[in-house]
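Across the two complexes that follow, chain A remains constant while its partner is chain B and subsequently chain C.
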Partner chain A sequence: MTTIEQEHETAGRTAPDTGPAPRRGRRRGLASTIVWYLTLLVLAAVVLYPLVWLVLATLKPSSEFGRNSGMLPWEPTLDNYARVWDGIAGIPLWRYFLNSLIVASLAVVGTLGSSALAGYAFARVAFKGSGILFAAMIGTLLLPFHVIIIPQYIIFNELDLVDTYVPLLIGKYLGTEAFFVFLMVQFIRNIPRELDEAARIDGAGHPRIFRSIIVPLLRPALVTGGIFSFIWTWNDFLGPLIYLTSPENYTLPVALRLYNDATSTSDHGATVAASLLSLIPVLLFFLIFQRLLIRGVATQGLKG
Partner chain B sequence: MKRFKITMAVVASAALLLSGCGGDPAGPRSDFDPNAPVTLDLAFWGNDTRAGFYQSAIAKFNEKYPNITVNSTFLAFPEFWEKRQIEAAGRDLPDVMQFDYAYLRQYSQNRLLLDLKPYLGKYIKTDGFTESTLGIGVVNGVTTALPVGTNAWAMFTNTALLGKSGGTPYAGGTSWDEYATWMGSVTKAGGGAVWGGTDPTGRIQNFEITLRANGKNLFDDAGAPQFTKAELTAFWSGGAQVRGAGATIPTKRLLEVAPKSGFGAGLTASELTWDNFGAGYAGDLGADASGLALAAPPVTKAGAKDLYLKPSMLHAIAANSEHPEAAALLVDFLVNSQEAGEVFGTNRGLPASSTHLAGVKLDPLSQKILDYETSIKDRLGQAPPVPVVGYGSIEEKFRQLGEELGLGTVTVEQAVDQFFSELDTILKK
Partner chain C sequence: MAGYGFLAPWLVGFFGLTLGPMAVSLYLSFTRYDIFNPPEWIGFGNFVRLFTDDPVFLRSAKVTLQYVLIGTPVKLAAALAVAMLLNSITRGSGFFRSAFYTPSLIGASVSVAIVWRAMFAGDGPVDGSLRTLGIELGGWVGDVDLAIPMMIILVVWQFGAPMVIFLAGLKQVPAELYEAAEVDGAGPVHRFWKVTVPMLSPVIFFNLLLETIHAFQVFGSAFIISNGSGAPGGQLNFITLYLYKRGFADLQMGYAAAIAWVVLVVVAIIALIMFRTARSWVYYAGDQR
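Coming up: the complex of A and B.
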């Protein structure tokens, strides 16, 4: 929600600047503009430094790690990428990318679908015990993951579902992601009830209202939720570690750790190269859907 | 990483609670059919290279036992144990596991591991082992694991670096003072780019060998510490003197090169560590291992049996295994067979079983390790009792405090107090 509000604010602030602002700016002088830009450049450099370091570090041979802490590699090489591409234990790297992509995409679909439905029920349907159920759902946010990890494992193990993606995904299809349900509830509560009522007068029931009124208006929340859900699932380490056993089923974060074995030889070069590659899909996903997010906010136009 | 560690701790304690119960397995069944089709799970930690070795070893195993299908899974070391802790709670451990000495007591006391006694001789040959190496995997009188390889505490020196910086080689087996003097001379010759070594008092093993020189261990059979605050204070104060003389690499410099060690980063000429670290050092240094040499660690008391052989890793069978006989055959193949020796070489340490060793083609570095372990024979005493539960955390706390002492953020007295209170917490659990 905060992201959306911030977008609103920045949008509101930048728009009037194109008006009378330039004349005043010019009068204030070139000097202050230069100072302003220099400060921003320095700040940007500070923020970007680790990333640039990482990019350049992927070109360092493994033996340079620890000896060369500067940005530039002494002996630049593409070997790290070649080794990463070969994968681990005969399993090519793209396999891990594919696994992660499958899990993350299915998670996004499940989380959004089930959370939107649950959110609709909590926000719009008056049913018995909805207050208690809502409180219970919020309560699960306070429950540390570590408490349920073992009972959950035992259940999935008894059901013979270990080493499949089911344990990682099934909860997401059953609306157990309280954070996202809450996000949807709050968003739907802000959609004017009059729209529902108008639809109802036209003869629409809950399914039709949900499909034709709520979901289209819910788009900014769905996009936000989708981005979060994708990134969290993509980066999730503990879940895949516990439930996936065969190396060919591993997701990327688990596979990444295989390059670093403290008890034998660690391949630092391959680790950074693979880490950088693993960032790319998340970045792409964010870039594509962030545009949708802003468009969603801009075209909504019903709230204000 | 911190969150990860907390997770680990919570899971470990929960696993302990849940796994307390469990029946005693009855030993091998008399009606075991060696030709019946069976599927076994095998879990190990390691990297890409080791995974490849296991694949070829399993292929060779299947030439002998085509009816036994082996599904293998592998992870890096910390994740490997986190996953095992959760499986232990569900009593769903893989049939055959590569095992670590530090976890052996915990898993054995909770009866998660199969008593191998009834399988020894019949399914797992023991003639390749010496009495003392067979005794390594015994907890409270029950054999729950067999060592794959052994290693000993040693001093690595970087002769290539010494040659370049103009230092003299270290003779090995001198007194601790002479070692400190030697480090000082190397540091001086290195002119600020190379140091003689790392402060040895940051590692618990160095403390252990000084204790062992006086006939004690870190912990006794019952798991109680055998050292006093005064002894630890004396040990750490000695380190402060060495650091004060400027002979060792500053801790700040070490932190800059982490996760590599000062030795692996080519900044120090010597380091005390387990003798199987050579290949890792060579990889870190990006050089061939010919510039590395092994020497005996400094002597605390002449003639004392302060060193010992520790299993680099072991193999164990889960108590919940449905096919213990087949699992035993696999363990036998992995620890004893010449074929597995040919495949693994010294990847899992210098082989403990002589039949396994016979298959190993020793590379120059492994030959150095073998020669080293032969050279210290007179200093090798009986291995200490299997490490107490939580030994890994104790070892880590010791290392952290050594680091803080090096940085000067704690005094020796404070460090000793902190260590003992940590010890108390861990041992009480």
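Coming up: the complex of A and C.
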């Protein structure tokens, strides 16, 4: 590798996340470069193997499950998809997709709204007790959820809200996921204060500064946070398992469990096909927004 | 006052859905409660039963600790190793970074648990390839000794998220430090321990803390892989699964609350040990100590 190539590589990146990368290994020979890349390629193959296996397994006819332990289907077919589309427990698969989509979309709206408001308060407003409340917020980041799920269930049961989406969503509208509040705080702290001060001189109060200065500049954090919120809600299993009792309200993960249980003896094909279909929105989001997501993880230092 | 206005939703959530419920579960842990009848105070009865009369709980605590204490360091070691590999190549690192990060997004999903169960079954591809090497295992899920390693492989597979954080940290290490170390005659091993590790120590600490706490919460994958049972020998009966079964299947909510508080205390102790020992190994550049 020549220096020019390296500079080109660095310059070609749009907005390097963490400043210019120190390039080392400059004197490394061609041989070790090849070894490096081979190692990475083998590693990538191992890491992606389960996904490739899943894709190919969905093409195996049911008769091959248990007999064909190789990766490639002997007689590839799309039958599994046709069967899975008919659904389970008399409910078509699209219904579960729709339920998941509704819950995840409403979660995104609530999470972004509540965490942007709280983030602004922590990052920009001076008020009594802000230090201790901020510490409490960070504390909840480290809190194992075990200690709150039972009382929460009792509350929602008391309020007759079991088998609705309210218990799954209300926490998102009240900023209980500290990860997102923290994300917003970090981002808002990096917005130059001069902008606020200029607006304040023009007579703007906090609500106006928040609306017309902070929110527009917060866009990247909102997009990153929104995608994470969507994906985590989409994948969530424990919440829907506890709260959703009627199959027509099920989100995809709990519906998948139905496939898994009811058909574990007979229809592996439908189960793997449903599994792959339910991963597709997540993978699609990642393909489109990967740069933004990875930068979000790298700079916030947090993940799911 | 504006502060409280902006913070209003968060305050309601914090007190109503976090702090309040914490207090309630602390109270419930000293009671017998089945949700239909009012809670009945039994003092330390639940805790005594947990530690003296509940082998299922002790087994569950043991497998959870094994999983957390082995899985987390291995995952972080893998993350750091691959981050260093990626940091030393010039082309294509974006592709590899994305490929390695993908499992972190989907690893906890039910879909992946279904894949894992099939892959590690007796007739699955993992045993299939081991068989060609002459190793006959007969499935990992039902095997008391192999179930935990299977789960550890699942969590290590998700090394991408900490890897991305390490990679960002590695890019911040000034190249002059390595050059200076090299001039002083330090070899690669020496440079790793004397430059890379100290410079990354805040990030390592941060990852270790969060990943450990996160690992205690493993639930969905173990639930799906064992069909909700925690497996016959209890080898997949992680603490969250056991809590779920006691609380939501058996409606022993007081007992489940006691389990929850034991988990909280154990997590707090581990976190405390980490923060205490951090003083001796976590190095903050520019920090005057």
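The rule we apply is simple: the second predicted complex is superposed on the first by the 228 of 304 C-alpha atoms of A that agree within 3 Å, B and C clash if a C-alpha of one lies under 4 Å from a C-alpha of the other, contacts with A are read in each partner's own complex, and residues count from 1 in each chain.
The working rule: a contact is a pair of C-beta atoms (placed from the backbone, for glycine too) under 8 Å apart; a residue touches a chain by one contact, two chains touch by 3 or more.
Everything numeric in this text was worked out from a predicted model, so none of it was measured.
By the touch criterion defined above, A:61 reaches chain B but does not reach chain C. When the two complexes are overlaid on their common chain A, residue A:88 makes contact with chain B while staying clear of chain C.
Once chain A of one complex is fitted onto chain A of the other, the partner contacts of A:174 are limited to chain C, with no touch recorded for chain B. Look at A:257: by the touch rule set out above, it reaches both chain B and chain C. In the superposition on chain A, contact of A:143 is made with chain C only, not with chain B. After overlaying the two complexes on the shared chain, residue contacts for A:53 are found with chain C alone; chain B is out of touch.
Touch criterion met: A:246 reaches chain B, while chain C stays clear of it. Within the superposed three-chain model, A:71 lies in touch with chain C and out of touch with chain B [touch as defined at top].
Residue contacts after overlaying the shared chain place A:272 against chain C, while chain B stays out of touching range. Once the two structures are superposed, chain B and chain C can be ranked by residues of chain A touched, with C on top.
Common to the chain B and chain C contact sets on chain A are residues 66, 69, 146, 149-150, 153-154, 157, 238, 241-242, 254, 257, 260-261, 264, 268.
By the touch rule above, chain B contacts chain A in their complex via residues 6-7, 10-11, 14-15, 18, 41, 45-52, 55, 71-79, 82-83, 86-87, 89-90, 92, 256-260, 264-267, 279-280, 283-287, 347. Within the complex formed with chain C, the chain A residues making contact are 1, 5-6, 9, 17-19, 21-25, 28, 33, 36-37, 39-40, 43-44, 47-48, 50-51, 53-54, 57, 66, 69-71, 113-115, 117-118, 120-122, 125-127, 130, 133, 136-137, 140, 142-155, 157, 170-171, 173-176, 181, 205-207, 210, 231, 235, 237-238, 241-242, 252-254, 256-257, 260-261, 264, 268, 271-272, 275-276, 278-279, 282-283, 286, 290, 293-294, 297-299, 301-304. Listing the residues of chain A that touch chain B in their complex gives 61-67, 69, 88-90, 146, 149-150, 153-154, 157, 162, 238, 241-242, 245-247, 254, 257-268. Those residues of chain C whose C-beta lies close enough to touch chain A in the complex are 1-14, 16-22, 24-26, 28, 35, 82, 85-92, 96-106, 108-112, 114-116, 118-119, 123-125, 127-128, 157, 160-162, 164-165, 167-168, 171-175, 178, 203, 206-207, 209-210, 213, 216-217, 219-220, 223-224, 227-228, 239-240, 243-244, 247-248, 253, 256-257, 259-261, 263-264, 267, 271.
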